[in-house]
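Two complexes are shown next, each including subunit A; its partner changes from subunit B in the first to subunit C in the second.
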Partner chain A sequence: MQFMLLFSRQGKLRLQKWYVPLSDKERKKISRDLVQTILARKPKMCSFLEWRDLKIVYKRYASLYFCCAVEDQDNELITLEIIHRYVELLDKYFGSVCELDIIFNFEKAYFILDEFLLGGEAQETSKKNVLKAIEQADLLQECTFPV
Partner chain B sequence: MSDVVEKTLSALPSLLSLDSQAGAGKLSPSSKLGNLIKGITELTSKHEEERLIKKELESIKEQVASPNTTMRQMKEIMVRAIYCEMLGYQASFSYIHAIKLAQQGSVLEKRVGYLAVSLFLNETDEFLLLLVNTVLKDLQSTNLIEVCMALTVVSQMFPKDMIPAILPVVEEKLTHPKEIIRRKAVLALYKFYLIAPNQVQHIHSKFRKALCDKDPGVMTASLHIYLQLIKENPESYKDLTGSMVTILRQVVGGKLPLDFNYHSVPAPWLQIQLLRILAYLGKEDQGTSEMMYDVLEESLRRAEMNHNITYAILFECVKTIYTVHPKSQLLEKAAECIGNFVLSPKINLKYLGLKALTYVVQQDANLALPHQMTIIECLDHSDVIIKRETLELLFRITNAQNVTVIVEKMLEFLRLTYNVWFIQTMNSVFSLGGDVMQPDIPNNFLRLLAEGVDNVEDRQLRLFAVDSYVSLLQGETAKLPQRFLQVISWVLGEYSYLREEESDPGSVMRLLARLLDQRHTSTETRSWVLGAMTKLCSSPVYSGSLNTVLRQKAQELMILSQDTKLRARVLPAEDSSLSFLDGYVSEALAAGAAPYKSPHQRQEDLVQEKALSLEPYGLSLPVSLSSCSITDRRSPTLLSMSSGLSGNSTELSHQEGSTTLKLEGVKRVWGKDGYLAQQQSAGETPTPLVELPSPLLSPQSPPSQTQKPSSGLEPDQEKRQLASSLFVGLGSHNSVCLVRFPSTVWLFIKHCQSANQSNVVKALFKPLPLLLPVPLTVSTGDYGKMWLSFSHDLKQNLQLVTTEHQEPLTATLDALKGKLHLHVVDIIGSEGIVACRLLQGPGQGQPCLLHCRVHADSLAVWLRSPVPELPDSLLYHCQKALTET
Partner chain C sequence: MPAVSKGDGMRGLAVFISDIRNCKSKEAEIKRINKELANIRSKFKGDKALDGYSKKKYVCKLLFIFLLGHDIDFGHMEAVNLLSSNKYTEKQIGYLFISVLVNSNSDLISLINNAIKNDLSSRNPTFMNLALHCIANVGSREMAEAFAAEVPRILVAGDTMDSVKQSAALCLLRLNRTSPDLVLMGEWTARVVHLLNDQHLGVVTAATSLITTLAQKSPEDFKTSVSLAVARLSRIVSSASTDLQDYTYYFVAAPWLSVKLLRLLQCYPPPEDGAIRGRLTECLETILNKAQEPPKSKKVQHSNAKNAVLFEAISLIIHHDSEPTLLVRACNQLGQFLQHRETNLRYLALESMCTLASSEFSHEAVKTHIETVINALKSERDVSVRQRAVDLLYAMCDRSNAKQIVAEMLSYLETADYSIREEIVLKVAILAEKYAVDYTWYVDTILNLIRFAGDYVSDEVWYRVIQIVINRDEVQGYAAKTVFEALQAPACHENLVKVGGYILGEFGNLIAGDSRSSPLIQFDLLHSKFHLCSVPTRALLLSAYIKFINLFPEVKGTIQEVLRSDSQLRNADVELQQRAVEYLRLSSIASTDILATVLEEMPPFPERESSILAKLKRKKGPGNLHPDLDENRKERSANGGTVAASPTPSTDLLGLGSTITTQNSAPPASKGTSLLVDVFSENIAAFPVETPVAVGPVADENFSRDISYIPTVHWGTLGIFVGIQSWQSIQFINPKIPDMRCLPLAPFPSRFVCKNNGVLYENQLLQIGLKSEFRQNLGRMYVFFGNKTSTQFMNFGWPFTAPYCAFFLTVSLQLNVHAKPADPTVDGGAQLQQILNIECMSDFVDAPVLNIQFRYGGTLQNVAVKLPITLNKFFQPTEMTSQDFFQRWKQLGAPQQEVQKIFKAKHSMDTEVTKAKIMGFGAALLDGVDPNPSNFVGAGVIHTKTTQVGCLLRLEPNTQAQMYRLTLRTSRDTVSQRLCDLLSEQF
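Coming up: the complex of A and B.
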């Protein structure tokens, strides 16, 4: 995977993870272009786009769009399931997740993503294991510095 | 998702009043980030947001610089900086502090520090060098969390040159007792392999150990490396085939812990990874492929559940089956599976189905045939992505018979989507393909430019074309093909007025004049250029131009073009090319005259007409250049009749009224009532009627019939018709498809790569099969059914036989019956149907059907047969027979 973007229906970026080295300017241009393209698409349209030499796979969950860019040989359907698994993880962690959880706790959303995907590849696909890793890190946090 | 909305709504007040409780996932009441976010949501304009963020960044800057800021505060500040960056504002001053936080913070502060680093920087950033020691220290920490964080950050980004510094420590982690550490270490090494393959060469044996790790997570992670290694060099890893097959069999068989199930499918990510690896291993290697047939079949069989994830596996499985050495039984199953995708109502699956088809038709074009109707539907799909994939598929099955229709569809699509790109691409198509192109390509192009309402978009397209041509003409023009120059002249003549007047109004004229003076410009092109100049000087811009020379020339040209006598005196006919007549010729062309052909050329045309035409007439004849001169401003619109593909019957019959159109070759069907009567009297079901392959109603049928809204099957019929022209020629004789190829450059180039020159030559000079037809006695109803089932067709106009006591149609058909032993099935009005069957030769016993219709002074004949050669040769013999009569 080359990058993942989360953005709202209003086009506001909520999360961005880049797995390929790109300059700040390029990143901005890419996210602007993609957000525009995807928001213009109708709900019944297919979830895949060919964009530059990449494949874009996106899916909307409530008010949030999840969008991944993968290479040409990659499997589109499994990428959709990666998105879905990530949503499941967020859901389990926050307890029926909503956009606000991600806005206010975006760093947590990043930590979960980093346990699930590493360097752009699925690292751990077992839901239980990902959450266990996150909980351990969180636990440490709470013990060492009680809020 | 409704509960999500509900939750959002119920969460809002508490979040806005910021009194939520602490805990995982909940916002701290005193959070400054909370305040910032809240502040932003209350804003109404982008401008206000900018101001607020600027203020926020100022305050962040101040705080990070202050020596009194604790690491704990720094962590909180860093989160806000990340947020500002995400909104698109630069916070580069905080990067160094992010590194500091990762270096000096306690575990949880470090975590945010590392996160900020990974979000702010990329692996080329020099700042990262400052992190190397910290990473090294954390990798050696006894705290698992710290080791994990360090491994996470190195797997995302690490300066290439510094890899040796940490490599031994990461390598050590491959034997760590905790699987999470081993897994992350494997992925870190994978990353190192990607950015610096040489550095990890010595640890390949350790990768094998990871592949055999008892933890499925670690094993899965190691497959990332193997996929990459095998992709680059499959030969060195053939020995792994057995292991990969075994792993896949175990996974498919449900031997993994249930934790790895995803929606009750065992480890789909792992399965897909293995399938991809097997594809690389088995490609062009029969021995290796044979090892995996069983497990591939099992994967296909097991993935039956109707869930997206099983489709993902199926798709990968099909891809692998079509990549490895073929096994017919498996291919059959895979093709069936593709069918399920294509026919699925889910759009994502349909898209992948089309994609899979695109992939497999390269091996067997016939695989597209069962899905004709779905493909036609997708061609008009509202989603461009689906449309584009369909075109890609059509491109793969392009052959001599359907190339015109397919190219037309492609051009249509291009025009709709990418204006600028379209012009640029067409420019290169014209410059490269130039004079070997079929004339209908430039024709179609001009039509596309001229068509459409005069809206902003169309004007932009035209203006862009004009601008790009002007800059082309300003450069070297000697190498541009004549056809392209003609296109350029027409467009400049037609649309130069769209240019802004800021530039010198005479510049276009001068460019054209230069073109006219150039020696290599052909006479035909000159006439186009002159036509363009005539159009330009009739515009007040030039005849009233301030440039006196130009004004004079324009006026001269105008007067001379109006006064023939004067012109003869001013420009005496001394040059043998008669180029002074060009203006006159172009005028005559504009008025509808046919272009001049030398006797030699006419002879050639005649011969050509008698020879085999390998190109189908399709749905309508491409209107030749001659019938519509390009100097006629309206002509391209008239040309649009050749897009009868999408036109409906009323439109066409309306156009039929206008005299400018040539209608021979346009398909006709039987008069509705006439045919129906036949049907009923023959006791047949009336369905074949609506399936007759033409949306056009015969003009002979009563007006009330014509007006009557057609049955619901009408659009379907159109689609069938389109299908027949798109899928014509698929099957037995694909080599012929290269004969007429230079239609667009990319089609040409792509196919030429695979083309065998000698095949092309052979196909061109394929001898006619020996023909010995015998009558084929069929009923009208059977004729209709057969007609629809035959895929090879051909159309041609033949001369009519005239006798005193007979109708021309009857006389002609009688002549054919006598000479060639054809069976005249029926004659109704000006149309007749004829059938025969072949006694000898390659298509022995195969039928051929003829549909004849009198049009003006000729007989429009449409032949169909299941054998490709049959219509050709039969037509040839018909022509011969009628000439002799």
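Coming up: the complex of A and C.
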């Protein structure tokens, strides 16, 4: 996977994760292009599209669009389920997640993503294991360690 | 408010985010942000030391501002400080900031690396994971340098926690993608492969991705992973859905891991070991069987996960391309999906079937679905699905169904989305040519293309129809009749005017017998379009007119009248004016015989790969070109053995070999000795001209001597000319591609004058290496393109080209360069080799330019470098005695034969180095010839196709003054000058 974007129906970017080195300017251009392209698509359309030399896999959950860019040989359907599993993880962690949770706790959304995906590949697909790791980290939050 | 109880609420941050959300306008938001930035800046700059919590809060706010899309230029230091905090929460935010705002600031990188190093050695798994995530997220070269050796150790250590192993595996994968040269598995290889046997499925999931990436780079090293992957896959596939506990996803056993294992197996051919192979076939059969079972859940997640594995299994089956039963089963399965109610599945089935169409085992099975696919083209509501249907029709096309498919595509074209029209046009053009049984059908199809989608018919398409018509006598009359009829339409596309002008200009005589298409009517028809056309088309029409004068003497007067009008003779466009003037003069002074010779019918074009195909390849990459990639395989099964149209890939892709062009430089009204010479120097020289292939390039003086060298007036402007001969050049002259990143033209390092091998060019993405050998007037150059990144370069192409027209002209006259078409992709870390065959026609100055284009990370990259092909490469050393040398030296005594240069030494004046350079330059070094032993004397012959030029050289060093005097004597002044220029740069 080359990158993942979360954005609202209004086109506001809520989370962006890049797994390939790109300049800030390129990132902004890509996000803008893609948000526009995807928002223009109708609900019943297919979840995949060719975009530049990448494949875009996206899905809408309530007011949020989740969008992944994968390479030509990558499996579209499993990417769709990566999105779903991430949504499940957020849902479980926040307790029926909504866009506001991700806005106000954006750092958590990033931490959960890092436990699930790393370097653009699925690291841990078990929901229990990912949440356990996050809970452990939460427990450590205020602990002080000897340096 | 969301769950604040989770971890650490930062009240200030929440308030700030609320404020931003409450801003009514963009301006208000920017104002609020600037206020906050000022506040944070003053806090960071303040005398009072900030506590960890405040630092964390402010860093977090900066991160939020950055993610809103604003620039952040401070706070990095504070974030780095947080990394070494003894509070986990602060450390975590520090790492997040660093991961998101990658900063290549080198003093910070060393601090960051230090903090990471501490955390990696902390033995606290949570800290280690944070550090590994950070490396994986940033993945910079500096980090690879610091940690590429450490991470593998963590990955395979016996006491490493599972979660850390997972992070380490993917961290390594990322480093391998960014800096493959630094990630060396070496002794760890076997232990990494054995992670496939790990008990923890999470570890296997992460490790499989890593092994796949490494196996792509060095398949041999990771060969043992095949049997382990098959064993693992088999266990998953045959497990009951509850066996794998939380790794079962909506009743599908470990779908992610299954997909990854199937992907890993696609790095290898089918296993040779019968037992492993049998087990794998069993797995694939089980996966195909499961697709037929009733779903265990109605949830889309269940079907998606199940089908994800199925599609990956089909990819593997196609990759192996060895089991006919599996291939046909896969095809039938996809056939079911073609009519599925889920759009996603229909899309994927069309896509996957496209690859199946290229297998000889399943091609026929795919063809049975033609009606469904045509129906999809008509009824799908989503353009991306229709696009897939077009691709599939293209892939399944062969001689048996070409007419039907081309007709369907043509009718779809009328309503097709604008975004895909050009591609459909290319595909129709290719299929029409490839499967044309009679060329009237081909001509009709192309004219229909122009009619339905003229704007989307690129130059390559109409160049090609002309090439084909010119090369095939049987269709010329029909083509002339058809374009004549098509031009009758009151409004026709300019592309039709171009084709019409060209074809009537060449073959209008074939229909002139019919009074309805008499010469005058043809001319009036063409000329009625003239004023509506753009300059290049008008230029082409003018050439058609002069051709008419030759074909139909009866309309000469009418045409001369047109040429003579002010709107032509005084046209503001210099090209049009020049053509009008020159054609008018040519038609007035040349006799009928000369006109007939000069304006002879165009010679056939050399057979070469269709330029349209090359264009489509460029557009799409290799993935969608199955009919052509599998040309041989398909031809075997296609009925009818006469494949007149199948494009033969030619070594002379660029057409430089058969082309001579003369620059527009001849002064008017030279007092020549014969009319022939006059015609040549006054008029023909003003146009791009082409000699028939058989003649081959010749030196200028031969032109006037031998009647057979009379060139044919060529069509069109230079652009068109270059285009037809070698469309690739056009791209450089007139780049159409947006967002092209142009790098300045790089000269080659001067060391290449005396050297044949080495690295010619290097940037962050690409390295170009050279190996070359020359013998007499021939040379062969191996060009190696190394992809330094970890991602594939798409659309890799390297049109051999010239930066501007004039340049192209000079070089094409004097150097012949042949190249084979390049593979359009170069994998990450891989190297592509290209062979260039070079022929020196006559002495030259300018080196050819190598222009490389490729797509990397979504952007077109463009690199242009001069190739170190210099005149001295065609030197053959000649040994001679002192007496011989001086005798010849005296013979070459004419003032223009000698060129001398006195220059300052740029390098130390070492005798051995100088000797090596002269020999590297190509001349024989003659010892004991010069009375002064400190002087160097050399001799050799420059070989060109037309002549051989003997060369003598003498280099006199003056160590005291640190100067040299170089003298060159050759039989040709241009050679003396060029060699002197080249050699004097070396010392």
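Basically, the second predicted complex is superposed on the first by the 141 of 147 C-alpha atoms of A that agree within 3 Å, B and C clash if a C-alpha of one lies under 4 Å from a C-alpha of the other, contacts with A are read in each partner's own complex, and residues count from 1 in each chain.
Everything below uses one rule, namely that contacts are C-beta pairs under 8 Å (C-beta built on N, C-alpha and C of every residue); 3 or more make two chains touch, one makes a residue touch a chain.
Note that the structure is predicted; figures quoted are calculated from it, not measured.
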**Asked** Which partner does A:S96 contact after superposing on A: first (subunit B), second (subunit C), both, neither?
**Response** first
**Prompt:** Counting only touches as set out at the top, which of subunit B and subunit C does A:A62 meet: first, second, both, neither?
**Reply:** first
**Asked** Is A:Y110 in contact with subunit B, with subunit C, with both, or with neither (first, second, both, neither)?
**Response** both
**Request:** Could you look at A:Q123 and tell me whether it touches subunit B, subunit C, both or neither (first, second, both, neither)?
**Result:** both
**Request:** With the two complexes superposed on chain A, say which partner A:I30 touches: subunit B (first), subunit C (second), both, or neither.
**Result:** second
**Overlap of subunit C and subunit B interfaces on subunit A (superposed complexes)** = 13, 15-16, 19, 21-22, 24, 28, 42, 44-50, 73, 75-78, 80-81, 85, 93-95, 98, 100-101, 103-108, 110-111, 114, 118-119, 121-129, 133, 136-138, 140-142, 144-145, 147
**Request:** Report the residues of subunit A in contact with subunit B in the complex, numbered from low to high.
**Result:** 12-19, 21-24, 28, 41-42, 44-50, 61-63, 73, 75-78, 80-81, 85, 93-101, 103-108, 110-111, 114, 118-119, 121-129, 133, 136-138, 140-142, 144-145, 147
**Residues of subunit B defined as touching subunit A within the complex** = 1, 3-5, 7-8, 11-12, 15, 22-28, 31, 33-34, 37, 72, 79, 82-83, 86-88, 90, 106-108, 111-112, 115, 118-119, 122-124, 144-145, 148, 152, 155-157, 180, 183-184, 187-188, 190-191, 217, 220-221, 224, 259-260, 262, 267-270, 272, 276, 308-309, 311-312, 315-316, 347-348, 350-352, 382-383, 385-386, 388
**Prompt:** Which of the residues in subunit C come into contact with subunit A in the complex?
**Reply:** 1-3, 6-8, 14, 17, 21, 60, 63-64, 67, 69, 71, 84, 86-89, 92-93, 96, 99-100, 102, 124, 126, 129, 133, 136-137, 139-140, 163, 166-167, 170-171, 173-174, 177-178, 201-202, 205-206, 209, 245-247, 249, 254-257, 259-260, 263, 266, 301, 304-305, 307-308, 311-312, 315, 343-344, 346-348, 381-382, 384-385, 387, 621, 623, 791, 794-795, 855, 857-859
**Prompt:** For subunit A, which residues are in contact with subunit C within the complex?
**Reply:** 13, 15-16, 19-22, 24, 26, 28, 30, 42, 44-50, 52-54, 72-73, 75-78, 80-82, 84-85, 93-95, 98, 100-101, 103-108, 110-111, 114, 118-129, 133, 136-138, 140-147
